[in-house]
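The structures considered in this document are given below.
What follows is a pair of complexes built around chain A, which joins chain B in one and chain C in the other.
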Partner chain A sequence: MQRYFKTIRLFWSTAFASQLEYQLNFLIELLAMLGTLLGSVFILSLFFTGGRQLGDWTWESALVIQGVYTFLDGLTNALLRPNLTEIVNYVREGTLDYVLLKPIDSQFWLSVKKFSFAGLPEIILGLSIVFWAAIQSGTTFSIYSLFVFIISLLIGFIILYSVWFLIAASSIWFVKTWNATEVLRALLAAGRYPISAYPVILRFIFTLVLPVAFLTTFPAEAILGELKFNILFFGLILSSLFFIFSRLFWKFALKHYTSASS
Partner chain B sequence: MSFKVIKTLLTTQYAYMLEYRIEIALWALSGVLPFIMFSLWSQNDVGNSFGLNDIGLARYFLSAFLVRQFSVVWVVFSFEEDSLSGRLSPYLLQPLHPLFRYVASHLAEQATRLPFAIAIAITFFILNPSSFWLPSLPQLFLAYLSTHLAFTIAFLLQSLVAALCFWTEKSSALERLIFVPYLFLSGLLVPLSAFPSNVLKVAMITPFPYLINFPAKVLSGMPVDIFNGFLAQILWISILVPSVNILWKLGLKRYTAMGA
Partner chain C sequence: MHNNPNDLIVVDQLSKYYRVANKQPGFKGTLKHFFDRKTYDVPAVTDISFKISPGEVVGFLGANGAGKTTLLKMMCGLIHPSTGLVDVGGFSPQRRQTAFLKEITLVMGQKQQLIWDLPPMDSLYVNAAVYGLSDHEAKVRINELAEMLELGEELTRPVRKLSLGQRMKSEILAALLHKPSVLFLDEPTLGLDVNAQARVRSFLSEYNKRTGATILLTSHYMADITALCPRVICIHKGKLFYDGDLDSLANSLSPSREVKVELKNPCAIEQFDKYGEIQDLNDRFVCLLVSRDKLTDVVSNLLTDFDIIDLEISDPPIDQLIGELFIKGEVN
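And then the complex of A and B:
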């Protein structure tokens, strides 16, 4: 276990050193992030014109959802995208062989090799919005609600990771999975708004098929102290299933890996 | 440029694109954002506040989806790859501006995309039968024209960023700075008539509303100032063409043929 922590530390410190070369990139990411946030909050505000509510969410509590979304988007940009979009290159160039030969779990290696520090401001800003908006909507935090919030964020992240990893792992068969991740990104954008704002059929899909609700709506309910215990329980089971499935799928995919150029 | 060159470019690029049908189908599917937004606006009865009933909203967002399908641009990504891998050098030696090669591959990709876009539109009509409409022939022609002009503007805007490849290795990162205002000001997420008037004024001095909002309104048959819309589109093109030309020429002087 300690070996894994040490590996992460080494990976991320080299990532930090190599990214210092591209400081302009960092600035661009920051600008793009601020623009995106500004735009999304503006679009969200259009739903509330004339004193309306969005699927029984008030303006402040809907902002909590935006915060959770920003936080997860930051994690995606920092961790999921840089690592998981590389898998296809390892497959294509045959360098996956070297990864598989290393005395460390290959899924672990592929998932944490890189860390893009440009995602860090988004993560921090996302969390700040969550707490600021929660306070604005008159929430008082307790140890219990913070604990439930952290657990539900974890549930959300594990589901997000597993779905990303499943698509990335399918690159063992299909060399171009970039477009599939674009479809995923487009669908995940639905998480910017509370699940109760959608028509019934989409609510069903976004809870059970592609569990967007577990990514943003439920963590937001957790910090607002409104999350029902059975949803948390169901989320724990669902995220475990997603994670186990991603591991099994990776083992299965590796059986079909024939290596390029050999 | 002779007719023969155009024909050869288009047919080879089309043959090339046909190889990637599944990818292109997925890519077509990744444009679902207008549908997600449609479900939100109609479910929450917001449409009325900007003068659109459910049917109007449905038509607008389907049109926005279609316009997006045929005006999507990725030239900066191809160009960056070609420039970094040194593939650009042989292109530059040919008696044909390299950008035309990318124009041809975009048009070929649009042709490959057409059946998938139609399939998605039919699915949409099955799910929302009341929103079905067939635009009249002149309307269809004007929508076709304005979508092509929108594509031209988007292509030129991205070429401007692509030309920066001559200066920096990662110009595709700069594309994000165009994409973000495009996303919110083009009308992909909400018809621009929903904007408060001061935001609308700012939006209208950018090229973005003419990329989705204007062609989508024409296609869906919403009341729209056709003359001024086309005028603005042509104006933007006439500003962007010389800009791209100048930047390209300046950049070419700095080209060092990376990787070759």
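And then the complex of A and C:
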């Protein structure tokens, strides 16, 4: 376990060093991130001009969702995108062989090898929006609600990670990932607005089929102290299932890789 | 199967087939391919058996696509055998257990594992952490290997700015950090210039002597094999076709020696017919192919019958022989 922590530390410090090799690129990434963020807050403010409500959400509580979305988007940019879009290259270039011969879990290696520090401000900003907006809407925090908030964020992140990893792992067969990244970004983007803002059918799909609700709406409800315990419980089971499935799928994919590659 | 404790690697009746489907060209072919797919097995490696003792340096020879890499990858656990058995140090490679992975390493000449934008040193410490080496152990080990490989400040320069030779040496350093006892090297000198090749070769030979590590290597460069490998395993079209020492391979491939003679006075060609097959005759220089059992007689006869200034006996070059071998497809 300690070996894994030390490995992560070295992975990320080398990732940081690699990014600093290209200073200009790093600055541009930061600027691009800032632009997207301002854009999304602006769009949201349009919805609420004139005091309109979105679903049964007020401006402040919808802003909490925006905050959670920003946080997850930051985490995606920091961790998921740099690593998971790289898997196809490991397969294409055959360097997956090196990973498989390391005495370390290959899914772990492929999932945390890189860390893009350009995602970090977005993560911090997202969290700030969440707390600021929650305070604005008159929420009082308790240790319990903070705990539930962290757990529900974790649930959302694990679900997003697992789905993304599943798609990335399929590159072992296709050696090309059919713009899967875009599909997932769209999925995440659907979570920018409260789930109750969507028609009933979509609401149902986003909760049970594509668990978008778990990504943003439920964590937001958690910090606002409105999340029902059974949903949290359901989320824990669902995310565990997703994660276990991603691991089993990876094992299966590797079996194919090792019996078919040359 | 009975395992001799002296055998580090046991490969027994190993085969690997790849299932492929053929598609006829055109739309009709596509439809047929979709609805009624005919698959068949293409053998990559067929029924190969051999044993390797600890500390051996074994070269795998074969033309492109002969099955060398498939064989090597089955031994390090990257490809599952279709049938047959591989045993490396008591492990079944395809299970890739941690204890097994810590004992082996793989270097592929055409694929790199070092981080492109950073100096090799950064990648080395990542590898050290993955193998559970402490910073101190890693440092000692890196210094030791860097000295053997004659790497100095290259280790703190970004990989993208290193020459191919420096990069390859750094790759080798990264691969040997965890003191593996079995080295799988797939074309480790690919693309290197003659000097860099020689340095990699002398390093491998020294490493083998110092640590007693077993080295299995494939190479296109015959010089790698002749310099490093007392034993060679030849693979042709997926089948094992020679396993033994390099010298006897040369002997069985070419039962003849070249005898070059420099004469004091020019002589007629017919005079040499009885001694052997004439390869070349040029004024005062004669080159004859003489079978080895008659070699001593022929040489002494030549010396008494002619006025000879110089005489040289040599093997035909091995790479030429191997080349002929793969075209012919069999050993005499």
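By definition in this document, the second predicted complex is superposed on the first by the 257 of 262 C-alpha atoms of A that agree within 3 Å, B and C clash if a C-alpha of one lies under 4 Å from a C-alpha of the other, contacts with A are read in each partner's own complex, and residues count from 1 in each chain.
Heads up, the rule we're going with is that contacts are C-beta pairs under 8 Å (C-beta built on N, C-alpha and C of every residue); 3 or more make two chains touch, one makes a residue touch a chain.
The structure presented is a predicted model; accordingly, all values stated were derived computationally and were not measured.
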item	value
Greater residue coverage of chain A in the superposed arrangement, chain B or chain C	B
Touched partner set for A:Thr95, first chain B, second chain C, both or neither	second
Partner chain in contact with A:Gly39 - chain B first, chain C second, else both or neither	first
First (chain B), second (chain C), both or neither touched by A:Ala186	first
Partner chain(s) touched by A:Ser142 [first = chain B, second = chain C, both, neither]	neither
First, second, both or neither for A:Ala17, with chain B first and chain C second	second
Chain C-contacting residues of chain A that also contact chain B	22
Parts of chain B lying in touch with chain A, wherever the complex brings them together	20, 22-24, 26-27, 29-33, 36, 39-40, 42-46, 49, 168, 170, 173-174, 176-177, 179-181, 183-184, 189-190, 194-195, 199
In the complex with chain C, residue positions of chain A that touch it	3, 6-7, 9-11, 14, 17-18, 21-22, 93-95, 97-98, 100-104, 109, 255, 258-262
Residues of chain C touching chain A in the complex	18, 44, 69-70, 73, 76-80, 94, 96, 98, 101-102, 104-106, 108, 111-113, 115, 117-118, 122-123, 125-127, 129-132, 158
Residues on chain A engaged by chain B in the complex (per definition of touch)	22, 24-25, 28-29, 31-32, 35-36, 39-40, 42-43, 46-47, 49-50, 52, 54-55, 174, 176, 178-180, 182-183, 185-187, 189-190, 193, 197-199, 202
